[in-house]
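Two complexes, one shared chain (subunit A), two partners (subunit B, subunit C).
And now, the complex of A and B:
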């Protein structure tokens, strides 16, 4: 019995931890945040079927997420008003999946005729079109206000009404585990492998018998299907859907999460969805400049770690497998490099916060709290301190980064010789 | 012997430029056929036409009796024609093993399945190992293909080309850029994999061509000026004038 479960042990542990989280973080804020993370994990992993697995950069994947949300809200309302027959809330993501699959198949049929820049532009065009429609077809989308619903409809099997947030959290958790497992399995199927092959080299894929367009279309449709399931859960979670859920902003957010987390690895988007949702909810309250920081993080990742956070982790895999001591020897140079960057970042954040403060908030006053310390944004000293930190950070980075990189190069070359000696 | 590949009055123009002119070519079943010719003669264009990469301006191409010149590359591949490229054309981020395995998928009728698992299929993985052995790449099966040496990448590409079980193979300059020992290894590999298959090869190295080919066609400015056995090609005056005489070989 236990032997059968062994290959799934990681999954079971993760599921158990996720199920226990509400017991640890009891506040309603935490529960809302966890629910939101769950929805976005499904959406981001679905999106990565296109970006990471299939090599298609879409700027419009919120269409399938949002439209599935609208459909779910209308059906919930229909059940509530008894114009539609009862449908169990637990199975609503299936409705979203069908809606996503339907629209994804149509749009995908058109857009996957092209690849690269043309594909990205088409996706952007469709996204703008659907966003515009939400404001035009008021009868379905209700314009800028969006639509409200009440998720407590119909009978309550086993006393579960999905009224309390905790019940919604477990509903979302169930679907996260199911869909992420399915999407993981899909990467191991002939279609999943050929999706990678088409990403790497479409010409070669055609000459081993596969229609590149068909592979891309299928990836697009499946990705939209899972995005639709996420959209349904989004609607149930908030009991509201608005035009922003189909917009370029939502599409961009999922791209950010997938890319910062690491599109090249299956787990990357999950890291991205959890991390960015957390920062979005917490930092947005602390600083006005949150979006600027997000943009800077994104630029930094694109420039210095194109594999995303998961890429940074995965590149240490071979070292960890061959020689643990090598991995430990990297800790010191890494900490020094990270410390240098943080020094510079502290300075940068100070400057940004003071600029924001002076131009938007202060009305002439100077006192501002940055890093739990009071600074005077009108005095030259505060500026000098932060500029000094930036310069110090740059100075230190120039020394510590080459050392960190060299340590990694050394470790990798040791690993390579050990492997070739085997 | 029956024909494997037959080209009838094939022409290809890019704008005003006529690259291939009324070309006729019969390639017999299970022969090793080399196409040689000076740079710019249209050899690679000819390959692209046969494999469906380019569309014909006029003419007809048949593979084992079926017209293929109106088909897409993947459809031509499914009819039993596989090719390699002049520039190495593999899946660089995937492992060597996966490169080969992807090459096999269609021939085992996996199509676009999302319900079968590639790791669980015994036949697929057994066949992958057989091909790996054939092209001698077992030692690096789990390395990303992009990390292999140039010669190994070329061998891998041949592996992908034969993986789908095609009966007609087209190799575009398979030994270009290789050292002498690498070339020797590659030629042995090509000889071995082309047993009981039809082989069409474009090659600049005359040593390789005369060693490998049963028959040779000489392509000059879009026209075939001679098709014959290696010995007769060597003696052919027109070929000597147009090609062999002008280069050191």
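And now, the complex of A and C:
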């Protein structure tokens, strides 16, 4: 019995931890945040079926997320007004999945002829079109206000009404585990492998007899289907859907999550969804410049670590497997390098915060709290401190980064010789 | 008739503005394969720089200085960031410019605030040049049109008649050969990127005061420019011109048309009585659906002629 469960042990442990989380974080803020994370994990992993697995960069994947959300809200309202027959709330993501699959198949058919930049441009066009439609077809989308609903409709099987947030959390958790497991299995099927092949070398894939466009289209439709399931859960979670959920802003957010987390690895989008959702909910209240930091982080990742955070972690896999001590020897140079970067970043953040403060919040008053310390945004001293921090950070980075890189090269060459000796 | 003439004039004005934006984008794309998501952000920067400069030394210097500064910004972005990303491929370049789009929008908010700034039409051009049966043609609009047409001819003659233009065209198709002939191809790329950004900046200087200079202006125009270069054919300058004017005229005409399917049926002498939901659909006027028309054109183009009007490869 235990042997059968063994391959699934990681999944079971993660599921158990996720199920126990509401017992540890009891506040309603934490529960709302966890629910939001769950929805976005599904959406981001679905998005990565396109970006990471299929090599298609889309600026319009929120279409399927949002339209599924609108459909779910209308059906919930219909059940509430008893114009539609009862449908169990637990199975609502299936409705979203069907809606996503339907629209994904249509849009995918006309836009998957080519991948790359042309595909990206077309996806943006579709996204803008649907966003404009939400403001035109008011009867269905209700314009800028969006639509409200009440998720407590129909009978309550086993006393579960989905009124309290905790019940919604477990509903979302169930669907996260199910859909993420499904999407993981898809990456292991021949279709998933073919999708990778089409991403890496469309010409060769075509030469061995596959229709490149067909494979892309299937990946697009499947990805839209899972995005639709996420959209349904989003609607149930918030009991509201607005035009921004189909817009390019939502599409950009999911791109940020998938890419910063790491598009090349299955776990990357999950890391990105959890991390960015957490930062978004906490930092957006503290700083005005949250989007600027996000943009800078994203561009920095594109320039210096295109594998994302997951890519950086996976990079150390071979070292950890051959010699654990080698990995520990890397810690010190890494910490030094990270420390010097943080020094520079502290200075940069200070400058940005003071600039924002001066232009947006207050023209006269100068007191501003940065890093729990009071600074005077009009005084020359605070500017000098932060500029000094930036310069110090650059100076330290120039010394510590070559050392870190050297240790890394060293470690990887040791690994290479050990592997070739075996 | 006069209304039609006036609408066509406005469409042409908007179309030439779109052309100034899309010509730079399509030139950069055709030559380097870089799709610059932040192109409209440079348009926005042009408008903001022009506002700031014209506040101190007037509109005419701003007309020359602002595009230059934008060009320098663009060249810096190419040299210090895009060149580094280049080795990861075109999608990575697009992703980088997507991040840049957010950065520029936030920086603009940081410096100039979130509300529109008061960038106005210069006083010496703010009068009615002539009127035709009740329709006044503003001098500034005429000026904008003339400048954009001049830019169009200048661009074409530089690209086809001068030595620099020949090098650019050659680097477009055969970068290795141009490089082995001794030309510095990275520098040519940087110059073209700067030139494209300067064109976008100039469009910003000319249009910022009539369209409104605000942080959201990049997002509202950016996607349309993408539609223009796909419809015109990727990398084709001629296509960009035709598609720009087509979309410009299409949008301005559609906004002024109050026709709906229902009114059409009624003119034909029929009366329809439909359920409420369908009634709303046939009551929609063309002016209401005007915002989605460019994107509908994109979809139709993709199905009917995927290479665009003048392109030589399918998208």
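What we mean here is this: the second predicted complex is superposed on the first by the 422 of 422 C-alpha atoms of A that agree within 3 Å, B and C clash if a C-alpha of one lies under 4 Å from a C-alpha of the other, contacts with A are read in each partner's own complex, and residues count from 1 in each chain.
The criterion applied here is as follows: contacts are C-beta pairs under 8 Å (C-beta built on N, C-alpha and C of every residue); 3 or more make two chains touch, one makes a residue touch a chain.
Quick caveat: nothing in here was measured; it's all calculated off a predicted structure.
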- Message: As a test of reading the superposition: which chain, subunit B or subunit C, is in touch with more residues of subunit A?
- Response: C
- Does subunit B (first) or subunit C (second) touch A:81, or do both, or does neither? neither
- Given the touch rule stated above, what does A:185 touch, subunit B (first), subunit C (second), both, or neither? first
- Query: Which holds for A:285: it touches subunit B only (first), subunit C only (second), both, or neither?
  - Reply: neither
- Task: May I ask you to decide whether A:206 touches subunit B, subunit C, both, or neither, giving the answer as first, second, both or neither?
- Result: first
- Query: Looking at the overlay, does A:359 come into contact with subunit B only (first), subunit C only (second), both, or neither?
  - Reply: second
- Query: What is the contact status of A:196 with respect to subunit B (first) and subunit C (second): first, second, both, or neither?
  - Reply: first
- Query: Regarding the shared-chain residue A:215, is it in contact with subunit B (first), subunit C (second), both, or neither?
  - Reply: first
- Task: Would you tell me the residues on subunit A in contact with subunit B in one complex that are also in contact with subunit C in the other?
- Result: none
- Query: What does subunit A use to touch subunit B in their complex?
  - Reply: 185-186, 188-194, 196-197, 200-201, 203-212, 214-215, 218, 222
- Message: With touch defined as at the start, can you tell me which subunit C residues reach subunit A in the complex?
- Response: 29, 33, 35, 81, 84-85, 88, 90-92, 94-96, 98-103, 105-107, 109-114, 219, 223, 226-227, 229-230, 234, 277, 280, 284, 288-289, 291-292, 295-296, 298-299, 302-303, 306, 314-315
- Item | Residues of subunit A that touch subunit C when the two form their complex | 55, 57, 59, 110-111, 113-114, 116-118, 120-122, 124-129, 132-133, 135-139, 248, 252, 255, 259, 289, 291-292, 294-296, 298-299, 302-303, 306, 352, 355-356, 359-360
- Query: Can you list the subunit B residues touching subunit A in their complex?
  - Reply: 51, 72-74, 77-78, 82-83, 85, 89-94, 98, 101-103, 105-107, 110-119, 160, 163-164
